[in-house]
Amino acid sequence: MVPNHSSAAKAVNYLQTRHRFHWGEAIPWILAILVFYFLPGYRLLATQILVMIIFALSLDLIVGYAGIISLGHTAFFGTGAYITALLATNNIPDPIIGLIAAAFGAAILGFLSGWVLLRTTGLTLLVLTMAVTIMLAELANDFDEITGGFDGINFTNSDIFGLIELDQLWYSSSYIYVLIVLFLSFLFIRTIIYAPFGRMLIGIRENPRRMSAIGTPVHQRQVIVYVVSAAIAGIAGALWVQVQGNVTTEVYAFELSGDVLIMLILGGTGRLYGAFLGATVFKILENVTEQVLGTDQPYWQFAIGLVLILTVLFARRGLFGIFEDLGNKWKERGQ
Amino acid sequence: MKKFVAMSLVAVAFTIITVKATEAREYKIGFIGPMSGGAAQLGQQMKRGAKLYMKLHKDQLGKHTIKMIVRDSKRPGGPIAKAAAQELITREKVELITGLIFSPNAMSVAPLVNKSKTPVVIMNAGTTFIPNMSPHMVRVSFTMWQAGVIIGEHAASNLNCKTAVAGYTNYPPGKDSINAFRHGFEGKGGKVVDEIPMGGPGKVPDFTPFFQRAKSKKPNCLYVFVPAGNHAAAVAKTYQALAMRKAGIRLIGPGDITQDTQLQGMGSAAVGLVTAHHYHMFLKSAENQAFVKAWKAEYGANNPPDFVGVGGYDGMAAVYAAIRAANGSKLTSAIAMKALKGWKFESPRGPIMIDPETRDIIQNIYISIVRKKGGMLVQETQKTFKAVKDKCKELKLGKCGKKLY
Amino acid sequence: MSPFLNEISTVLVFGLAYAMLLFIISVGLSITMGLMGFANLAHGSFAMMGGYVTVTLVTQSGVPFAAALLISFVAIALLSIPFERFLYRHLYRRSELDQVLLTIGLVFASIAGVTFIWGPDPQLIQMPNYLKGSVDLGFNTFPKYRIFMIIAGAMIVAGLFYGLERTKIGAQIRAAVDNRTMAESVGINTDRLFTWTFALGSGMAALGGGLGIQILGGIKPVFAFEYLVIFLIVVAVGGMGNIRGTFFAALILGIIDFAGKFYFPEGGAFVIFAVTILVLLIRPQGLLGKN
């Protein structure tokens, strides 16, 4: 590379290659397959992590790329979950149909609530998203004739394509099923992010007024990304209950909204793989601390609290930021 | 001769089996309960009960040993308990699962153990139809119908209640409980004039608006169901703060509102409360007095046991019975269920038995009243109902009458 | 003795008592968010710790209830200063997301911390005799404690308004909320001002935590999370940084919450959220917030 043109050439090079797959991107998928073969006893935990990754990815679309902070993303997760469960108990037990219906249902809710709520920002938006979720949780509890209330509903899905049973003990087929859905969702989100639409979202995140001034219909674009995010969150919710075989009002829990936001920020927002890292670290911390230190005291809460505080103080862009920094240093040294 | 050979063969085979069976074996069991979060003190009570039984009955298993692996179910909603159960079964290879507080947690475990055929001893999950969800489950705690019907009948017949308001925590055991109460109360000629849902089980509400509403209906009795734990003290305090006794309204309920661990904190508010329940720590039986003494020696005089602790204690007794039946061989669901259907035990709460048909508990229900004695609050038993079955399953109401697996 | 008067007075008195509690705890959060734009989700943790200090003083050291409240106010206010100096200060110029993560981390750690010390059980408190029992007003009877809450709340509100409207430091706070850069350029040391305001807000939260023990069924570790939602709602509805707004929001939400549960127990928890959504859609900046 000629030194004189280096900055311009770098920029062009960056624009031409940023959407290409980097070899490092294969790592999480290889890990996921290794877990399947070598840690079969951890498959349910791993399945739950995979679902949480999808959920966190959907949140990353709005938080990390569009700058919309929500403490109520379980509204869509829970809606997807209930749609799937209710279809299954009403003689439509096909899991794939369940996923698609969940995505549509959550998207419709996303459109309705997004159209209204996204006119606000900051704390107001935070409180509004929270209030909507809590109201949905109350509704689910009140209409227990339909939802089973606090006790929830147990249901069984039919086999995938009529061939593969969703295994509820060893989680072999369930794990692969969720992994494939994660992969497809990820590809979809990645494509959006690197398309001009994704660049425009980042523009809105950084400066909505300027984007508006150059002619971008900001509100409309925010609603679109909100709907897409809601649909993916709905899929995550549907998967969550399909692999469990039951649904309770907890799918609307405000705490879960908080947890998924924590996972995302912990991993790093606006960088896709942050969701992978955050969800994994959070769930493993939650589980491992109690297995190592025992359950006599809430050690896991303390451990998570500590990790969050340290991350904010020392890893500015989330845990994934640490990897990026290390990667950059390595590159610099190479030059 | 042929007969002799056959018989000796059988004898040899038998010896081999028994020899093999009496090898010392470690039985791994999984214990799932809330160890953190809003219900952590219930999980702690239950675990203490289970551990106390293990400590006091070390020699009961002969040369076999037992290892209890504890997992935190954290929240009541199901998924975490289910993940814990799956991990216990597939990774830790436990042969039995016990513990379980909150119905959704027990319910979410049901499909899993139906696959793995792992026996489950439920120590505390209230929704009535849970044992119908899996043939591998027995329950040693209680159902809402046992106390609910009895207190309803007692209120109408003996407490001069013509009208009652029923307040309940809005989730399935709460609805079970008021349905049972209504069944008993209206069966004896009483009338329930208002039913007030009082928020979800997750957090303790301020009961004032609900009790004020009840007060404005001017009933003779106020029946209250709240889940075990933090709610109880708030119920008694609100009742007192609103001067409802002066207004001529009597507070009654299942024993959840006078849970032993909460009782002293309620102060004078609790005096005179009438409840129906399967246990309180002041029961006069020798078993109970020995139990309370051992408990206080182990956990300190200021940490009394309550019915959740007894659930843990009795649950562990059932687990021991199952292990004794297995006697060195693998503890399968078949062995455990055979040993536990019809299993009888002299519990601190009185004689208990697992109903061979429903795999649910049969036990005494006590009508008790709270009194003040020497600066302490105590419960006095006024009436004992022996060997009470779950009415909902007897009457086959709704899901109670259905096989759900 | 008309039933109507009885019902109205019930709703107003109990609603007002709850409103006072909401205001006392939320006002600190409102000022923190208005003054520094800092999303302090750990505010409930300070309230919780105040509750624990009060309970411990009363039940273990035999300190009178009123004195215990004052001590916990001072103790938590002082305790909050190092938090502000060494943790929060680093994040004023960072994104909201970082602030959320840090303060949620603090909530988790504080919940675990108080469980280590006090255990998971709710801690209860016996009231002094002058707060036990009830007052009969002829048309209705009210618990003395609720009346006490209203009076104490009113005194605190009056004190706060006086302090903010009539004192120099109050004027400085208002100026800094309105326009921080401008306030700094006229020589107000906003850093120090914020430390003091933060301490005051945390102390108020602690006071609220102590006052709330009796009506919220005891103080327990999950308090820090459970009530966070309602505090955030009060702040948002009132308008960030606006004390008058926070007061009106607490008043409206407190009374509506009680009335909702009294008249429609089936959907009682629903009402307060429905009102919140309605208000915020009409006035996104809150009742009295700046646009």
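First chain written, first letter: the chains are A, B and C, and each begins at residue 1.
What we mean here is this: a residue touches a chain if its C-beta (ideal position, glycine included) is under 8 Å from a C-beta of that chain, and two chains touch if they have at least 3 such contacts.
Every value quoted in this text rests on a predicted model; they were computed, and no experiment measured them.
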| item | value |
| --- | --- |
| Most distant chain from chain C by Cα centroid | B |
| Between B-C and A-C, the pair with more C-beta contacts | A-C |
| Rounded Å distance between chain B and chain C, as computed from the means of their C-alpha atoms | 38 |
| Chain A-chain C separation of Cα centroids, rounded to whole Å | 33 |
| Touching two or more other chains - residues of chain B | 36-37, 40, 200 |
| Residues of chain C touching at least two other chains | 115, 221, 266, 269 |
| Junction residues of chain A, two or more chains touched | 142, 255, 298, 301 |
| Chain C contact footprint on chain B (complex, rising order) | 36-38, 40-41, 44, 196-200, 203-206, 208-210, 212-213, 216, 230-231, 233-234, 237, 241-243, 246, 261, 265-267 |
| Complex contacts: residues of chain C adjacent to chain B | 3, 6-7, 10, 14, 18, 115, 119-122, 124, 126, 133-134, 141, 143, 145-146, 214-218, 220-222, 226, 258-263, 265-266, 268-269 |
| Interface residues, chain A side, partner chain C - complex | 63, 69, 116, 119-124, 126-128, 130-132, 134-135, 138-139, 142, 254-255, 258, 261-262, 265-266, 269, 297-299, 301-302, 304-309, 311-313, 316 |
| Residues of chain C defined as touching chain A within the complex | 33, 39, 87, 90-91, 94, 96-98, 100-102, 104-113, 115-116, 221, 225, 229, 232-233, 235-237, 240, 266-267, 269-270, 273-274, 276-277, 280-281, 284-286 |
| Chain B-touching residues of chain A, taken from the complex the two chains share | 40-45, 48, 141-142, 144, 149-152, 154, 156, 168-171, 240, 244-246, 248-251, 253, 255, 290, 294-296, 298, 300-301 |
